[in-house]
Amino acid sequence: MQERQLQERRLALEPSIHGMISNSTRAYTDIEAVKSNLDHIWLIICGAMVMFMQAGFALVESGCCRAKNVQNILLKNLTDVCIGTIGWWISGWAIAYGGPMNADGFLDNGFMGTEQWFGMGFVNYAGDGKFEPTTGMLNWFFQWAFCSAASTIVSGGVAERVNFGGYCLYSFAMTAFVYPVIVAWTWGYGWLASLNSVGFMDFAGSGVVHMTGGVGALMGAIIAGPRAGRFQYPDEFAPHSLPLITMGTFILWFGWYGFNCGSALGMNDAAQGFMAAQVAMNTTIAAATGGIVVFLLRLGMTRGKYDIGGFCNGILAGLVSITAPCGNVECGSAFGIAIMGGLIYQGASSLLKLMKVDDPIDAFAVHGACGAWGVLAAALFDWGEGFDFHHGWSGFGCVSDDSGCLAGANGEGLAANLLEIVMITIWSGFWTALIFLPLRFSGFLRVSDADQDAGLDAVKHSPSKAYSIEINTFASTTGVALDKVHPMTANEGSPAPPDA
Amino acid sequence: MQERQLQERRLALEPSIHGMISNSTRAYTDIEAVKSNLDHIWLIICGAMVMFMQAGFALVESGCCRAKNVQNILLKNLTDVCIGTIGWWISGWAIAYGGPMNADGFLDNGFMGTEQWFGMGFVNYAGDGKFEPTTGMLNWFFQWAFCSAASTIVSGGVAERVNFGGYCLYSFAMTAFVYPVIVAWTWGYGWLASLNSVGFMDFAGSGVVHMTGGVGALMGAIIAGPRAGRFQYPDEFAPHSLPLITMGTFILWFGWYGFNCGSALGMNDAAQGFMAAQVAMNTTIAAATGGIVVFLLRLGMTRGKYDIGGFCNGILAGLVSITAPCGNVECGSAFGIAIMGGLIYQGASSLLKLMKVDDPIDAFAVHGACGAWGVLAAALFDWGEGFDFHHGWSGFGCVSDDSGCLAGANGEGLAANLLEIVMITIWSGFWTALIFLPLRFSGFLRVSDADQDAGLDAVKHSPSKAYSIEINTFASTTGVALDKVHPMTANEGSPAPPDA
Amino acid sequence: MQERQLQERRLALEPSIHGMISNSTRAYTDIEAVKSNLDHIWLIICGAMVMFMQAGFALVESGCCRAKNVQNILLKNLTDVCIGTIGWWISGWAIAYGGPMNADGFLDNGFMGTEQWFGMGFVNYAGDGKFEPTTGMLNWFFQWAFCSAASTIVSGGVAERVNFGGYCLYSFAMTAFVYPVIVAWTWGYGWLASLNSVGFMDFAGSGVVHMTGGVGALMGAIIAGPRAGRFQYPDEFAPHSLPLITMGTFILWFGWYGFNCGSALGMNDAAQGFMAAQVAMNTTIAAATGGIVVFLLRLGMTRGKYDIGGFCNGILAGLVSITAPCGNVECGSAFGIAIMGGLIYQGASSLLKLMKVDDPIDAFAVHGACGAWGVLAAALFDWGEGFDFHHGWSGFGCVSDDSGCLAGANGEGLAANLLEIVMITIWSGFWTALIFLPLRFSGFLRVSDADQDAGLDAVKHSPSKAYSIEINTFASTTGVALDKVHPMTANEGSPAPPDA
């Protein structure tokens, strides 16, 4: 009923007006068109759900901060997604997926793509002055959402004490180069994917996305140093809003179905549908299990207090842990993986506190530690190759393969996944250090302690407070009653104020 | 562009590596694969939307509570969905849909399923060491979201005074047994479905989901008794955040399209698409109408005050009322059903207050009373059998059937729906009483009045407050200026603090 | 597994019970059914996402208001969507899309539709007592969400000082008549669409939806006059909650994928899929770019302060600007369009402040000014007709067409889009004035200054405050300790209070 349809209707009536439909350079059969559209529906909606996770990150992170830094952390989240979009557009996609590919179907130089900068090359010239579309735009959009997520994870680790300018630089580097190179090695058919006969298994990115962000967060937290007073007065650092944290967690959980199920990367053959359902079920079980495990751990650690922030982080720990293996393990394994994920989260969180590393939202414990565990679990719990429709991976099958752990493909899969963990740690850690260390040493990274004490919102932002909940009248705030300052607009609905 | 696709690409190049694709035990034709994927896209996305309703419930319920109990109600919402997942995984699905079925297509023992515990049996052995998938995982996921919703409804009715331990027990029983048995009787082809020649009509669960939860909430509210001081000082019990309530209502409305439209249960034949559109339109009209009706009622009851909490509950009342009939009534009927739904909600709400039953968020009035009305309305307003593509039910057709009310199928449909209402009331009420009454009598159900007065967050939670909005400096809270406690980290961005 | 499927299963067993399936008056082939369902999946989910934008509007608008008017602005948002639904149901759809159409495929009278009032006529009589469905309900639902959005935009412009009764009248007129007529002219194949050989181009409604609302907001803001004290004490008008604003912006961004991508209006041919992907990519780039531009402008205007409210409005400005051209421009153009959009937003916002027009949330600057720019940009940046699958429009192609701007179709497209801008301004401005001016002159439009000073929530709402965050005990608020007022329910979990 809009313009395009109007033109189509008119074309049916007067086919001579112009050839928009008829000059299609490629004839799609009905079934090809349908399959193409199944992919488009699936990836656009799942991509939008992943984008919506940005709202979840923003709420969880701002809820965990103190009220005086709420605007500042929201600013970092807004920046991540916006600068990240520009970075992904300029060079991120090109490096990650731009190609060219060699005759064996792998990335030609093995290290990074070198074509399709600035989103160019998504329309093929088809001769005779005509062009035809590719799936480039579709994949650009879906993968953009993942790139933004990786970047945003870091913002939590350096919250409440890092200068905005330095953070912008980091955010751009992350989305335009650091993350895309890791993608090129792995999902982009680079050297890690071509290493052996079974490849690696990181279905939706426990490693590629979450570890990349989580390791960056850890390195950032170490280099930035703890927030002023963090370990002297820990009680002053309570989260400022549990409703925001809980709300954000539910949004993240919701968006994770786009993240994990969408990673079937299409819906054109039946296997993808069945796999997406398996992924949804595993994701659900892992989220719930992780939450319960961490809640119980905290219950013990606090001698019976309920810690819903811990509950929420446990849910996220379960989700991160299942993100790599969600497509090749069965539901009982998902349960076990999430139990381990919850324990690993709490262990990493406690260890960092012990070492006086200040990661305000446990970004490393959730995304880094559980991300590495997820990659490992994808190898250890593989369902095995007897299962059709991709339910298993067949790289090996410690759990279900009769031949025992490491037997499948001579353990090549496990080795590849271990290598993925090592390489992501090195690459993400190295670049984070390379950007943040010079900033720290030159005095540009950290906000002064005095400004931290006043709060970044008061010092740097306009307005100076994130919340103005109290209810004021003009007389109470200006010392002048309204009828004195504003006699001209006093009008209907009440008598004009007396001239007293 | 991820691992699976990499393998597919490699398979095309070297088909001898392994037979992941080729050893598929069942050959799907193109059109079969497409139809299967339409179902998968539809139910995964709609299921995720229903899951997202948990965020809506959490916000509506926490917004309705007092600030001192916000963490506690959020905890109950988190618990419902997480414990509920485990309950549904262990036994819920098996009881509701596990089968076995008899030759007539009904549940064999009529009462509850007895197979597929722990999510097992969703992959069929296909001989020769191979397995093939079923739609089991898909349906497990979609129906899981409904189960969690039923459980969460109860948390509002017992908010602000029930011990968490007792609530956990209830939540597990609800999702692992009580709700699944009702599903087995109805959507699971049990005795209620096989009772007569036309079955019953509860399209998306006004009865199965909402009444089950609403009756549990009422029974829980009665057994737990009113919150301390509730009827002595009603003014002290105002909702603590209207923005949370409104936000939650919009989220619930959004998720309800997954709940109602998704209940077409697939998208493989054209009738399901047209039905889902009819459902979307009816759902929309009912939500809006219910909201306006209750808003106007409250306007009268408060002599002209605007009550947006009432507006929101009216929207929910309209939505619950249309949940059963959304698939077999026309839009004018949806309008009428929602008007009645708004009146019934307000009547039930006022009646409970009169009887001094303390249901903090009107869980019974919204979900129980309007749920029962919805089941009744599905019978009374049926569009009739002249309408193809399932727009009508044909059990009877009081509105559009010339032969008049109760004539169709000799009134068997109306009788079945009435029986559904009665049986859900008995079953849900009985089990709720069986769990809560012993807890109450043994002193484990209710939090002490003194603890209620202090607030559950302060007594039981860590941190002790849901909100810390005020802005403090170290000097103001610790009595020691920051430069005294933390001289070592004073660094870039400002001069080092003087040693005064 | 629900009723309908039960009946289908039974039908397979006993086809004689009733003919619900078999009496279908139209035989759908498999591929027709699949295509129909692709359309249904796409438009129902995208429509729900557009509906969810109401939550985003509510949060952005309430966050921008002062705490004392939060309930009142939430009420207006609830009202817009609920009254808007009734308006759209009664006459909105009929006027916009009801027809009848003439033999050339255009709206018969060119001005407005005259059939299908009250959602009637969506089921065709197919003879022999049988009926068959149309896509009417599907399109009613999808277009309803757009209508509600147009109406809601106005609420921000008149926030914090307009009487609710007058606003209700306006909201109904907008959704039942004013907006639908504009749709009839344009997307409804009315006179503007039939004006020349290439039609106009407003893909997802920068003009039809956003300008209509934005112009209404401007006219409303002018007629209602500024809030009491607005230009005397500007510091008193800071937004009360930046987290709500940011959260709302992310929700709007998420919903915009439904708004823009969904405007492909179906998914039955391959071109629609590719177009939706192009739209998603353009929408993403424009949102990010607009946000960065306005953030940088504000950074300069405030001498280095960070303004995240401005960042959020910049994102919205980018989104509104790309809404018309998202389907016929390439991604580099989207970047340029959003840069201009950001500048235009800030210019309009500053100009209105200079002219002392009080538009509390910059509704005109975002939706009106950028809406007009978007319509213009759709003409100026057209990708040209060499691109198949509708990537370009071919009305003209200033950017990519060798023949230069205005050359294509003799500039008819640019002329049509300019005419659209003019006509929407006149039509929306005229009706807004016609409704609001008499109300203003008769004293019914504006809330008294004294009531504004106290806050609309305190004067008009129940409860009187949107937030009750402080934590109270009974003793602190009632002067009577709880154990005095409520001795009967003191029970388990703690010893009975001593009688001191």
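By letter and in written order, the chains are A, B and C; residue numbering begins at 1 in each of them.
FYI, a residue touches a chain if its C-beta (ideal position, glycine included) is under 8 Å from a C-beta of that chain, and two chains touch if they have at least 3 such contacts.
These are the chains along with the protein names UniProt gives them: A, B, C = Ammonium transporter.
Computed from a prediction, not measured in an experiment: that's the story for all the values here.
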{"item": "Between chain A and its twin chain B, rotation from the CA superposition, multiple of 5 degrees", "value": "120"}
{"item": "Copy pair chain B, chain C: interface residue numbering same or different (half cut)", "value": "different"}
{"item": "Inter-centroid spacing, chain C versus chain B (mean Cα positions, whole Å)", "value": "27"}
{"item": "Touching two or more other chains - residue numbers and ranges from chain B", "value": "31, 34, 38, 41, 45, 241, 465, 467, 469"}
{"item": "Touching residues (chain side chain A, partner chain B) in the complex", "value": "31, 34-35, 38, 41-42, 45, 49, 66-68, 97, 104-105, 139, 143, 163, 187-189, 193, 197, 199-204, 225-226, 228-229, 232-233, 236, 238-243, 246-247, 249-251, 253-254, 257-258, 261, 263-265, 267-278, 280-281, 284-285, 287-289, 291-292, 295, 298, 302, 304-309, 311-312, 315, 327, 330-332, 335, 385-391, 393-394, 440, 442-455, 458, 465, 467, 469"}
{"item": "Chain C residues touching chain B - in the complex, by the definition given at the top", "value": "1-7, 9-10, 12-13, 17-21, 23-25, 28, 30-34, 36-41, 44-45, 47-48, 51-52, 54-55, 58-59, 62, 70-72, 74-75, 77-78, 81-86, 89, 118-119, 123, 126, 129-133, 135, 137-138, 140-141, 144, 164, 241, 244, 460-463, 465-475, 477-478, 482-483, 485-486, 489-494, 497"}
